Each structure stands twice: as C-alpha cells, then as structure tokens.
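Two complexes follow with chain A in common, the first pairing it with chain B and the second with chain C.
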Partner chain A sequence: MTLFSETASRDGQRWMRRVAHFVSAPERLIALGLAILLGLLVIVPLFQLVRETITVQPYDSAYLPGRQPGELTLFHYERVFGSRLSWALFYKPFMNSLVTAFGATIICLALGALLAWIVVRTNVPYREFVNTAVVMPYMLPSWVMALAWVTFFKNDRVGGASGVFAYLFGVQPPDWIAFGGIPIIICLSLHYYVYGFLIISGSLATVDSQLEEAGAIAGMSRLRQFVSITAPLVLPAVGSAVVMTFIRVIGSFGTPAVLGMPIRYFVLPTQIYAAIGSRNVGDGYLLALVLVLMAVLFIWINQRMIGVRKSFVTMSGKGFRRREIDLGRAKWLVFTFVVVLMCVTVVLPLGLLVLQSLSRTAGNYDLSNLTLHYWIGARGGVNAIYAGVFQNPQILHAAWNSLRLAFFTAIATGILGFLIGYVVVKTRGSLSSRALELAAFLPYIFPAVAFGAIYIGMFSRPVGPIPALYGTFALLVLIAAVKNLPYTSRTGIAAMLQIDKSLEESARVQGIGWVSRVRHIVAPLAASGLVSGMLLSFIGTMRELSLIILLVTPSTAVLASVIYTYQTDDVPQLIGAATLLLVALVVGCNILFRLVFRNTKMGFA
Partner chain B sequence: MNEVSLKGITKYYGAHLAIPPLDLEIPKGKFVTLLGPSGCGKTTTLRVIAGLEQPSGGELTLAGKTVYSGRDGSFVPPEKRGLGFIFQSYALWPNMKVDKNITLALHQAKRPKDEIDARLAEALKKVQLEQYGSRFPSEQSGGQQQRVAVARLIAARNSILLMDEPLSNLDAVLRTEMRTELKRLSRDLGATTVYVTHDQVEALTMSDIIVVMKDGVIQQIGSPYEIYHEPANLFVAEFIGDPRINVFDGMLEQRNGRSVLKLHGVEVMLEQAIAREAGPVTCAIRPEHFNLHETALDNRLAAEVDVVQPTGSQTILSLSANGTPITALIPRFVESWPSAKVWLEFVARNMMVFDPKTGKIITSTAATRARSNAA
Partner chain C sequence: MGMLTKRVAIATFACLIGTAACAQDAAFDAWLKTAELGANQPKDENWEEIVKKAKAEGEVTVYSSSSTVNALAEDFMKLYPEIKVNAYDLGSEKTIEKVVREQQAGIFAVDVVNTAGTAQMFYDLLPNHRIVNYVPRYLEAKIPVELREPLLTQVIEATVLMYNSDTYKDAPPVTNVWQLTEPAWNKRFAMKSPLGSLTSLALLTSIVEHADDFAKSYEKYAGKPLVLSDGMENAGYEFLHRLLKNDLVIYDSGSKLATASGLKGQAKPPITFSSMHYINKNGSDDYANAVLYDIDPAGVFAYSTYVAIAGQSTHPNAAKLFIAFQMGSKDLTADTKLEKPYRDGESLKKLQGMAAYFKVGTFSPRTDVPLPKGGENWPKVRKMFGSAEYQRDHVAEVNDFWVVETSN
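Presenting the complex of A and B:
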C-alpha cells in the first residue's frame, strides 16, 4: 500500500515536471493558443455551415408551420435540389457558375501562361516594363473592369442612362454583349489571369535551359523538348494556378453582380447574396456549402492528377542560365500585344471611369457636359441628392474604414504570420506542425462570399468568449485576417525557414531568453519577409468586396461596398469617382509602403 | 574530475533510435573529439550535451551538476547551462554588427558596461579583428566570420566549449590555419572542449582524446596514437588513416607454439602467439608499413605498379597483387616507378589481425605493446 502511494506520488511529480516542461517551451504554448484560435475561427465555421443547412431557420416558419427553429430538417435540401424552385434557385446559377468559372479559368490560364513564356523566355523589348504592366490589373479591384464594361456597353435593357457605345454609335449594343455570361467571363479573365501569370512565370524561371539544351543535344526537336522536358516541369505550377484561379473566380461576387444581376443572370455567389439578403439563410448556406465542396473537389482532383507536393526543384546554383528565344521582328508585335492588353485592362477602364465621373448627366459624353461636381461639388449643386466624393461624408467615412480595415488586417497578417511561421518551423515534422499548417490552409477552400455567409451566422450571437460581433468593425477585420491566413501562413513559414535554425540555438546556448531572442534575432530577421506579405494583404483587403459584402452595415461600410450600393442606386458618376478614389488609395499606399520599407534596409543581403 | 558525463543517454526520433545507451566521461580541461561518418550520432550527442536536443533517457552531468535525468524528467534548458558553442554555420546574427554579435549575451546578462567593453576588446584582439567591430558579418570573409564566432566564445568565458564541425565551411588553407588557432584557444582558455568532426586529420591533430562513433555506438575511446595504432575493430582501422589501411583475408595457423598468418601465399610469423584456434582471419596493414623490394625473394608478395601519385613529402603507390588492390606509401617524392613490379614484405610487428565475423581486433601491433609496457 505504501509502495503504491509512493509510486503514485512520484508519478504525479513526474507528470507535474512534464507539464512544467511543456509550458516552458514558448513554441508549444503558442501552438496551443493558435490551435484553439484556428479551431474556433476555421474549423467551427465549417461545422456551423453544415448544421445550419439541416436545421429549421426562422425564415422557414411560413413553409414549415409548427416546426421550431433549430429542429433537424432536410427541407433546405429538398427545396434547393428537388423542388419546383430548384431550377431558379440552384441549377441555373450552378450552370452559370460552371460556365463562367471554367470559361474564365481557361482564358486566364492561356493568357497567363502565354505572358509568362513571353516575359521569362523571349527577348521581348523592355522586359521589366512588360513584367510590371502585366501584373498591373492586380492593383485594381476585380470589379473595376466590370464597372468600365457597363459604362461602355450599357444598353436600354435596364433603367438609367446608356453607355458610351450607344452615345458614340447611336445604336444600343445587344444584350449578350452588355450583360450576362460573356462579359462576365471576359471581365473576370482580364483580372484573374495575373495569378496564373505569377505562378507559372515563377515556375518557368526555375527551369534551367540547360535541361532543354541537353534534350537538343540528345536529338530532340523543339516541340519534343517542350513536351517531354519543360511542360512536365512546370505542370505542378500550372495545376496550382488552375486551382487558385478557379476558386477565386467561382467565389467572385463583384463582377457577376454588376454584369449579371441587372438581367437576373445569377451565379452561385450572387444567388447566395440574394438568398441571405432576403433572410433565407438556410438555402444560402446550402449554396455556400456547394461552393465549398466544389473547391474541395477541385483541389482533390488537382492533387490526384498532378500532386501538389510534387514540386520539382531543378535549380542548381552554378551554371544556371536561361536561354532566350529570339522573336526576331515579331518581338515588336508581341510588345504591342502587351501594350494593348494593358490598355484594355488598365488604361481603358480607368479612362472610362474618369470620363464617367466627369459627366454632368449620365450617358452624355459631350465636352460641354463635363463637370467636377462628382469630385468636389457639394450637395444641391448639379445633383441635388449626392455630393462629390470629397464632400460626401458617407464616401469619406467608407474610405477611412477601408484604410483602417486594410491596416488592421495587415497588422493581423504580420502577427499571425510570424506566430504560425515560428511554431510550424520550430516544431517541423511533428503532428502539431502539420495540423497547424493544414488549419491555416483551410480558409482557402471557402469561396469568399460563402465564408462571409458563414461568419454572419456564427457571430450573430456570442461564441464562447467572443461576444456577438455582427455589425461591428471588428468582425470585418477578423474575417479579412482569417481569409488571408493561407497566404499569411505561407509567407510566415517562408520567412522563418530562411532563418537558419542555428541562429536562435546559438542565442539559447549563450543564455539569452526567449523574449530577447525573438526581439533581437527572430523578429528582425523575419521582418523583411513578413512585410511583403503584409503589403499584399493590405492591398488585397482594400479592394475586397466578395468577402465582406454580406457583413457590412452602414456604419462599417468600406469604399468597395459603398460603390456597390451606388451601383444599385444608379449614380454612375459617383461610382466612377469613388472607384478612382479607391484605386488611387491602393496605388498610393502601395508606393508609400515600398518607400517606407526601402529605407529600413537590413544590414544583410 | 569529469566535467562532462553521459550515463546511458539514449535518443529516439519517433521510433528511430539514433543513440542507443551511450556512456561517455570527459575529463576536465581535455580536448575531446567525436569522430565518425555522417549520421553516426556525433552531432546529436553534442546537441544533447548542449541541451538543444532532449534525450529520451539516461543521465547527463555537467561540472558535477545534473542537467538531465530520465528518471525524474528534470531538464535544464540550454540557456541555463552556460556553455560555449560554435556552429558549423557560425550562427552569426546577420542583422547585428560584429561587436553586437559578440556582446549581446553579455548585455542580456546585465553585465556592467566597462566589463563588456573590456571583454569585447580582448576577444577582438585575440582573433585579430580589432578594426572590424562595426562591420556586418555579411561584409566579412568566411575566415573572418569564423573568427567572430571564436571571439564570441572568448568573450563569454565558458568552461565547457562545444564545436560542431566549425571548420567544414572553410577552404583547405584556412582550415589548417584555424585548426591551429582553435587548438591554441582551447589550451589558453583551459576549457574542456568537445569537438565534432568527420575529418580524421582534424581529430588526429587537435585531440587529447578521440571518440570514434558509428550508428550511435562508441567504437573506441583513446588517444590519437592509440586510435591509429591499436584500432579496436576493423571499422576504426578503416575509418582512420589516409590512404586507407589495406585489408586482406588470411588464414591463421598455429605451428610449434607460434602463430603464423598466411595471405596471398605469403607467410608471416607473428612475434607473439595468438590464443585462437587456426582458421580464417582478417588481416590489415597500413600503407606505410610495407617494406618494398625491387627483387623477388621468398615470402614476398609480388605486385604490379598501377598508379604513382606523389603528394610532396610522400608518394602513394597503387598496386595490384593477383587482382587485389593494395596501397603503399613511401616517404619520398617519386614521379614514376622504374620497374613494373615490386615485392612487398609484410613486417610481423605491424600486422593487425581481426576476427572476420565480429571485426574485433585479436592482436595488437608490437609497437603499441612496447608503448603500453613503457607506460
């Protein structure tokens, strides 16, 4: 008996030591904290989403008399997939989504790959300029293109003034050009090709031309070299470009909202918006779930076919060189193509918006009709209801909100990226490391509108220690930060990986504690990597619409959402001016960031 | 007194046992080298001593203080062990200038400012980098970075120094130079040094004691002389020595109380009898221990000269006897061998005999016996 209690107490002591040891390692504590946080913000929403689709919602009381909200039901599944309403509610938007998403993804990939090849492998003139010009659309919100399209091609099918096309030619453009699937595909493609370009050019740049030359020496033709050597090496990158583009395009809200909703051409994100906007949350969540499942399916297919982890590392330090293909005279043709592309994607849309913002009466583009009212005019001047952007408290407040939101999201990105990167890299190979990486990746599979829809449901009442956040600015920051997590964690991990493990170990051995290790060594070294991630998330959040359109309230409205509401109010001039203000803010902040962080140069290469 | 003491230390990585129970006692003030091929557990052992890896079991004592015990799970983290450590990559913090690199730990320990300044000046002077204090590590050559790492060690004044392949990133000339300096540093500081390397030349030139490891198991502990002349087994014999030791399959015969080795038709009568039954054995002889003759004689092995490689003070001869490659080393400069054939005489006192199954040594050479007698 005494023996037993002795061993028991010793076991207890040991256990206490273990706990003390566990707690003494900061990375484990952080991992625990992050696990709880990510579980709450990423895993719970997924369950929440599924649960809401199988329970009775308050909206359903008219259809399900006598049932209490919260009871289990398959009602939503029946209505969405197998009722008289299903065609309008689900199948048609679903088909539209597939058509626009696949169409846009194919064009994006073709365009992105072609441009990547031009920039990386040919002697196109002014390569640096071309490289910058090609990624310019990324700076603009994705729906700017759509707004410009409407400005140009708007016809009398919908109310309000007609567009530039009708003004110039005196003919109304046909419906299929003005609205619907084709314009949506074109507008999405001309924005989202940038992702394909960035991923494929990055991969193509690491393929050593010597590999192809070895093929040439072995007697392979140019085509054969491309098919058997180059293509397989960049295939994984193409695969991830497809997935990334597809998920972004199918979750995109702004463009189909501008170009589809006026003629009731719905895709899943706009259908979700409409359902949730009319308080029919059960159906809305079910549609969101469909989007999530499609994203998962797409990732899964990509992994089965190509394998995400099968990235080829062919970089071999010395002797790495890139063979440039001489385009001969055609290089000027190619250059012209890029310039035209930039005109279509950047100059023309912005130009149209400038023109639009300056017209006194919408639809009249005559010089005599120009006014600065929608920029600086006060209420009651040219337009009795709407003041110019710089006199309009609603717009100025929204602009301030946009900046605040982007700023806080960038800060959250920096902190979370640092913590996740630190823990994942420090505990590399362990289960917690992999689980954390996976959890941080999860928001990727939620299309933006769907994610917004889930967060409304989750935070309309208190969750654990978190109070009900619906309608607060904090919720916008939270969702933007969480949605950014996949990129955040990637930059964080990359930033941490470039810090040699021995740098921190060396400090440990010398008796330097965790806090000063992080302050003096880890944080300064990770900073430069994290800053670029923060800049990306800042710009991304500034122009974000799909994610937050369901969550904003008048007091938390950001510039993008205000522009969207003006779209429904039909004040094209103000839309033009406000959009240009947003673009100017994004570009200005980008330049400012780069200037500021160029000066804080670290003492290492 | 033993400064570093490992008793039954084990280390698992998941289910993989990297270090089976390991016992090692390191006396105070000695320069001890852990030597072995990559993956033999030498770096893991060093990191266990430093506290950067937590062992799975056993007991570790530093300067009489238990810093890890598998029995009660106590573990002193590396920041409380007060050791000096030089990393293979030097681990200089690239965001700090040289002086900050050297003094950061002292600042964190809240040492008085004039003491820090004095120690910094002394350390920089010792490594001859007085003017380089305000440079970034990236602005220095590999050799200078190495010196900064050494200066950091000097300023910290630890009584136990751990070095993890500190010279492997340097070119050949610098390596020889830094070898001398590290040995001098260890001597001047009077510190107990544990040095990890896979380079046998570093081990032989710098150490008081060499610990040869393989697959986490210590093969032999001994002075450089013992390791070279009395290898405990065939692995040690083959790992130490450049060019490599020659290994032959031979037969042991017992004749009138004398032991005779037969290999390639040559008989070598050993000076002292081996208490072992007649049968197959593995014989080894170092390249420099052959006597070379240019004429045929009984009991000499005829070999064809294949390649002649002069290295300066010595010449390596690659020979072939009945298809078996043999390496011989002669202490003079030879560009080409005058005849196509040489005859090798095996000197009995330089022959090593190993058990062919276990690889353990059966006899040791006469030279070491003489040495141990003298001692």
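Presenting the complex of A and C:
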C-alpha cells in the first residue's frame, strides 16, 4: 500500500517535472500549437477549395438536373477547360493575365533595378530625397493609379462623362489608351516597381565595389565586370523580386477591374470575382485553383533557374567600400527623371482625384463647376442620392472599419510574428522549426484574390469545430493576418536572431518563469523589429482590396471596397474624395506611428 | 477496424449535418411563431402593438437593389425617428448573394430584402427559408393575388426601349424591333450588361421566352419567315445574336444609358434599353427620352421588384412596419390629390414609402392608389412579362449564351 502510493507519488513528481519543463520552456508546445493553427488556416482551406471544384454546387442545378449538391462531378472542369464557354471563361482571361502580369513584371524589374542602381551606385543629387520619393507609390493603394488613369483618359466608349483628356483637347482618346491591357500594364508597373526597387537596392548595397575593382585589375571591361561579377551577385535578389512582383501583380484585382471590366477585358482575378458574385462558385473556385497553380509553377521555375546558386558571402570583416559612379552633368538629368517619375506616380494621380472630387458635374473641369458637396455636402442639393464623405454614414463607417481592421491585423501580426520568431529561433535546426517556417511561408504562394476565394469556400458554413465566420469582422482580420504571415515571420525571426540566447538562459537558470522572461527580456529586445513589421502590415491592410473584396458584407465593408462600389455605380466625385480620405488616413497613421515609436529604427513602410 | 472507424466517422458526420439542418428548421419555425409570420400571421393584425414592438426593437436593416432605398430610409425615419434604418444599396445580384451567404454562415443581419430577381427569389430564397412573404392584412384586398403571392411586389418596374424625342420630333424612328438589327443602327443601340445585373439578365431571358412573338414580328417586317443562324435556338436568341453582330454597345451602368439616348442636340442618337424610371431625368437633367410604346412586338418589358422579411430576422416587427410603410398608407384612394414635393408634409404622410417611388417607371401594385403624373396610361400599355418558371429554367443558359457571344 505504502509502496504503491510511493511509486504513484514518484510518477506524479516526474509528471510535475515534465509539466514544469513545458511551462518553463514551452517553445515545443507553442510550435505544435502554431503548426496546427497554420495547418487549419492554410492547408485545410486549400483542400476545401479542391473539393468544391469536384462537387455539384447549388448553382449547377440548371445544368445538371437531378444531381444533388455535394455529389462528385467533373462538370466544372469540362465547363471551364473544354466547352464552348471555355474561351470566354478561361483561356481568354488566362492569356490576358499572362500578358499583363509578364508585361508589368518586366517593366517593374527594369524600373526597379534602374532606380536601385541610381540610388545605390551613383552620385545623384539629394540621394535621401530620391530614395524616399521612389518608394512613395507604395503608400497609395495600387488602384489609385488606375482611377487616375480613367479620370484622365476615359473616352465615350462606355458612356458617362469623358475624362480630362477629352475635355482639354476635344478629342476622344482611342480605346486602347482608355481601357484594356496596355493601361493595366502601365498602372500596375507604376505601383509595383517599388518591391523590385527595395529588394534589389538592398542587395546591391551589399556588393563590395572592391570585387569589381578586382575585375578591373584583371583587365575586364566595364561590361564584363557587370556581367560576370555584379550581375551574378544580385541575381538571387532579382529572382525574389521577380517572384514577389509577379505574384502580387497576377493576384491584383483593383486595377484590372477599373481598367478592364468596363470593356469586358477580363483577367483571372476579375473573372473569379464575376463568377463568385453571381454565385457560380464552381467556376470561381476552379479559376482560383488555376491561379494558385500558376503562382506555384512560377516560383518553381524561378527556383530551378537561379535557386542553385542561392547565396554568396559578400560581407566579410574586411573593409567595405562602395564606389560611386560619377554621372557628371548627366546627374541632373537623372534627378529630373526621378522627379518626373514621382509626379507621374504620386502627384498627378492625387491631383486628378482632388480635381475630380471637386467637380459638380463629372467630366466638366471649369472653375465655375467646382463644389465642396462631395466632401461636406448633405444629400440633396448638388446630388440627390449621394452625400459628401463627411456626411455619408456608409463611408464614415467603412473608414472606421478600415482603421479597426488594420489595427487588429497589426496586433495579430505582432503577436504571431513574435511567437513564430521565438519558436523558430529557439528550436533552430529541428523539424518543428523548419515546418513552422515553411507553413508561415505558404500564404505567399496564394495570389490575393485566390486566397479570398479559398476563405469564402472554407468559412461560408461551419466545418467541424470551426464556426462559419463569413460576414464577421473576425474573418477579415484572420485572412489579413494570415496573408501577412510570410512577412511577419520574416521580421519576427530576424528580430529574434538579434537576441543572444545567453540572456534568456541566464534568467532561466535563476528560475524565472517563461512569461516573466518574455515580458522583461525577450519582448522589449525584439520590440523594435516587430513594430516596423506591424507598421508594414497596418499600411498594407489599410489599402487592401484584392484580398477581401469577396469577403466583405455591407456591415463589414471597408473604405477600399466602398470605393470600388462607387466605381461600379459611376460616382467619380465620391470616388475621388473617398480615395483621398483613405490616402490621408494611411499617411496620417504612418506619421503618427513614427512619432509614437520615435526611438525605434524603422525600415520604409 | 479502419473501415469501421471510417464508417463511424461518416455516420457521425452525417448525423451532425442532419441535426444541424433540423436545428435550423426548428429555429426557423420557432421564429415564425414569435414573429407572427407565415401561417402564424394573425387574421387581424394589431398595428398599435406592432408599432410599439418595432420601436422597442429600435432598428431595421434593409438590403436593396435600388439606390432609392436611401431616400426611403430617410422618409421612414421622418415618421419613426425612434427606429434607425440601416439601408444598403447593393444591386440585385449582390443583395441575393449576401443574404444567402450570411444566412449560410448563421448570420441574421438583414431584416428586409428588397430586390428584383424572380427566379432566385421564388425558387431559392423562399423555399430555403431565407425570406418570408409578408403582406399587411389590410392590403390583401387591394393587391391582385399574383402580385402578392408567393411574394409581395413592392413596385412594378420595366425595361423599355427609349429614343430621343428631340431629334425625332414627329414620329419614333423605328416601329419594329428588327429594324435595330439593320446597318442604320450599327453602334447605335445600347443596353446594360446582364453580367452582374439580374434585371438585365431577366430582360434577355424574357426576350428568349417570347421568341414566337419576335418571329411573327420578323415576318411582318421582312415579309418572309425568319431563318435562324447557326446554333441559334429560336427567334429570341436570333434577335440578340443579330443585335450583337450589329455592334450593340454594352454599358456597365444604367444611368449612362439614359444620358446616351436622352441628351438633346444629337444628330444620330442611339436607342437604348433603359430602366423606365430614367424617363424622369427628362425633368431633372433636361433629357429628351421617350418610350417606344408602339413598337412591334413590344417596347416595354415589365418585372416585379419584391420586398420580403428576411428569415430569422432579429427585428421582425420593425421589418413589418417598414414594409407597411413602403407600400403606402391605407388612407390612399385612387382620387387622392397629392402635391409636390411628395417627400414632405401631407403628401409624405399619405404616400409614406411610396413617395420616393411615386414616378413613372416604378408603379405600385395597389389598385386603390393614384398613378403618378405622366404614367396615367400605364394600365393600358402593351407590356411583356417574363414567367417565373421560364426564368428559373433558362437564366443560366441565357447567361452562358451571352458570355459566349460577347467573348470574341
């Protein structure tokens, strides 16, 4: 009897110790929890998506009389890939997607690389200003450029008021300038080149000019130096810039919606939106799947092409020198080029939107036609249906939603980034560490619209223990947080790597608990890295449209989605005013953040 | 063993789904009871009671296909300031999509559903308990039964052929629809895209449904029977096919159509398929639109816009009050004299929710109310209606036809 209780208590003690160990160093536990969570949020939805494409949907009853929803079928595959509708439903949007995405990626890369070279390697005047000016478009929603384009080049092709061009010159611009592939490529490029610029300039800054000089000593020509020394060194960065730009561009909804849909120039994201909007979800999910596969294939090819020589050690303990190329008199020419670029990408679009928001009758830019109605006017008077932004409960509510969404997403991002970073760094080398890093990277491969489609499939109804989240604000926060994970986990890991292990270990030796250690040692040290990551996701979420356009409902609408509604309703003045409100909020919050966290070093966000 | 677990799992899963569905139905029935709707609607409704409860509920959310809903909400709050109206103008397709998806997810945010889209409303939303028909008892005798069963028609609207009466002062430029397929009207006929608009899709389906009338009109026009092009099933499709071949211009917004056909001073104005209520822009924007009432086979394609209470609405009494308000006061008679502005004072008191719709192109289904100025001939106008069954069975087909035909 005594013996029994003794063993029991010994067992108990062992148990206690194990529990105590878990509590004092819970990274394995957290790793497990995170892996399950990420699996549920990323992998299960993907399976769900595949399943939806091979089952009968309620909408299909007209095509498949007698079949019950949920039965297995290949109907959607036949319809999308091999019927008389395929050309319109799939092949044409697919071709358009390829053309616009490749076109935009090439221009983005060329522009981004050129600007990176100018900023890093030349003696361009006012370098700091140039550096900031070049990344300015990132602050604006990607479709602002498209709205401005329409304001300027709109012709009478689709009715309604014509644009500034027609007003000034009295001629209607031709169709190919007003709408379709070319304007889409230009507008996408002038926004997304920033990513290429940031990545390539970061990499270029680490290339030591002494390497090139060594080449020169060996008798290489300038061109030869570039081809065999500089280019291979920045190639991996170029590769990741290509992938990042391509995936962003191909999943982008706003720009092709504004510039393509009016003339029925569809790309995959807009075609998905149209299909899911008419509740023909079978078509929509299948197209989303195609989009995901395209992204995966693209990453794979890219890896195969440059992945082998992935990294070079270029930073050593020795002296590092950056040779500036003297542009001579041409430097002012280069400077002018940057200023003009900034005018085209930032000043002009915003200016056009201001002008548009002030016009009484759309399309008339006379001074006598100016009004403040679309800012402060009440319904009635100038416009009987729509009140100005500050009198319009829908817009104000949406603006509030945008702020809330961005705020909660940033918080979620911060917490997740911290946890992932902590676990990955603490268990470095283990399977759980690698698995977690990979899982956190997965959302990256889903183009934004496809990810929204996946979530609508997953959360439209309760699945097992997961309640149906459609129509709740929580779902928007969830998807935004998950989509941000790849960047979040990057910053989290980077922040954690800076903290020496011994700091936490010495505290642990003294018997200080995990919570207390995290609170007093790890969190404060990691904070600065995490805060800049949070700011990034705050701004990214504020202006997000592609990701959530399928998921918003009237009560959870955000500013970006409301602006899109006004676009389809054709109220250009309100679009201008509401977009400017959004831009003001993004810029205002950015400045506020920087003031609050003045002591934190922040990258550009 | 594995088999068994699998089977158990499947059985449990099926059971879960089954009980979930049962629980849904039970919840719906219980809601019908407490909300006194459907079979539980009393023979004599106590309106003082309903108004009292509605004010206690304090709020009502409306999803609507029309932007007029904003004005309607304002008018309602003028009479019942205690009740806040959340009005969302979503268009017909989004209204239906959002109602279905929200309810599937167990969210009952909307109280009143106000949209066209007969096929979806009759055969999807109604049988699946997403909406419940509600007709205030005192209106039953005043609305023809087909306009209140299975769903209450809020207004009868129409898509009409419009021409410019400023350019064509003496007589309409066409007398037969088939003229529009001739070179003279190349690029000069416009309509709204049916993709994204249920009403435009319904219009096309209605044309296909009345294929025989279109075939007869062709014979009258050309003096010989119609020869169908390759792949065209009937004269309705053939008509649409020929319109598209004649460079039909497709707009993405309805109000632009009214501008296109109505702007004064055009040498070669287009003819458009527009919502009839845009004719009121003649007054507000000085347009010159006129309806081709006498064109063969018809220039007026009428349809119902419905209003219903959303299933398991959390503000059922406010919803009832809102619908009653929308249909106009019971004191109205065919001879009631109304003064402009309708949305103010005595007129508003009598018209109530009809005030915002009291114009040509949005006609009340009630037989005991006055007709708006300029719409006196409405009862006698030749109009085509689409049938609900035909819409249900052919909307998807017409949609696909359109996708194929416009993709090249």
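Operating definition for what follows: the second predicted complex is superposed on the first by the 566 of 605 C-alpha atoms of A that agree within 3 Å, B and C clash if a C-alpha of one lies under 4 Å from a C-alpha of the other, contacts with A are read in each partner's own complex, and residues count from 1 in each chain.
In this text, a residue touches a chain if its C-beta (ideal position, glycine included) is under 8 Å from a C-beta of that chain, and two chains touch if they have at least 3 such contacts.
The model shown is predicted, which means the values in this text are computed figures rather than measured ones.
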Quiz item: Given the touch rule stated above, what does A:A257 touch, chain B (first), chain C (second), both, or neither?
Solution: neither
Quiz item: Between chain B (first) and chain C (second), which, if any, makes contact with A:L525: first, second, both or neither?
Solution: first
Self-check item: Partner chain in contact with A:L85 - chain B first, chain C second, else both or neither
Solution: second
Quiz item: With the two structures laid over each other on chain A, which partner does A:G471 touch: chain B (first), chain C (second), both, or neither?
Solution: second
Quiz item: When the two structures are overlaid on chain A, which partner does A:L503 contact: first (chain B), second (chain C), both, or neither?
Solution: first
Quiz item: More residues of chain A are touched by which partner: chain B or chain C?
Solution: C
Practice problem: Using the superposition on chain A described above, determine whether A:A237 touches chain B (first), chain C (second), both, or neither. | Solution: neither
Quiz item: First (chain B), second (chain C), both or neither: which does A:G513 touch?
Solution: first
Quiz item: For chain C, which residues are in contact with chain A within the complex?
Solution: 20, 61, 63, 67, 70-71, 74, 86, 88, 90, 93-94, 96-98, 100-102, 104-107, 109, 124, 190, 193, 195-196, 249-253, 255-257, 259-260, 284, 392-397, 399-400, 403-404, 406-407
Practice problem: Using the touch rule from the top, collect the residues of chain B that touch chain A in their complex. | Solution: 50-52, 72-75, 77-85, 87-89, 91, 93-97, 104-105, 108-109, 136-138, 152, 156, 162
Quiz item: Which part of chain A faces chain B closely enough to touch in the complex?
Solution: 10, 13-14, 17-18, 21, 24, 500, 502-503, 505-513, 516, 520-521, 524-525, 602-605
Quiz prompt | chain A residues touching chain C - in the complex, by the definition given at the top | solution = 58-59, 62-63, 84-85, 87-89, 92, 158-160, 261-262, 264, 274, 277-279, 379, 384-385, 394, 456, 459-462, 467-472, 553-555, 568-570
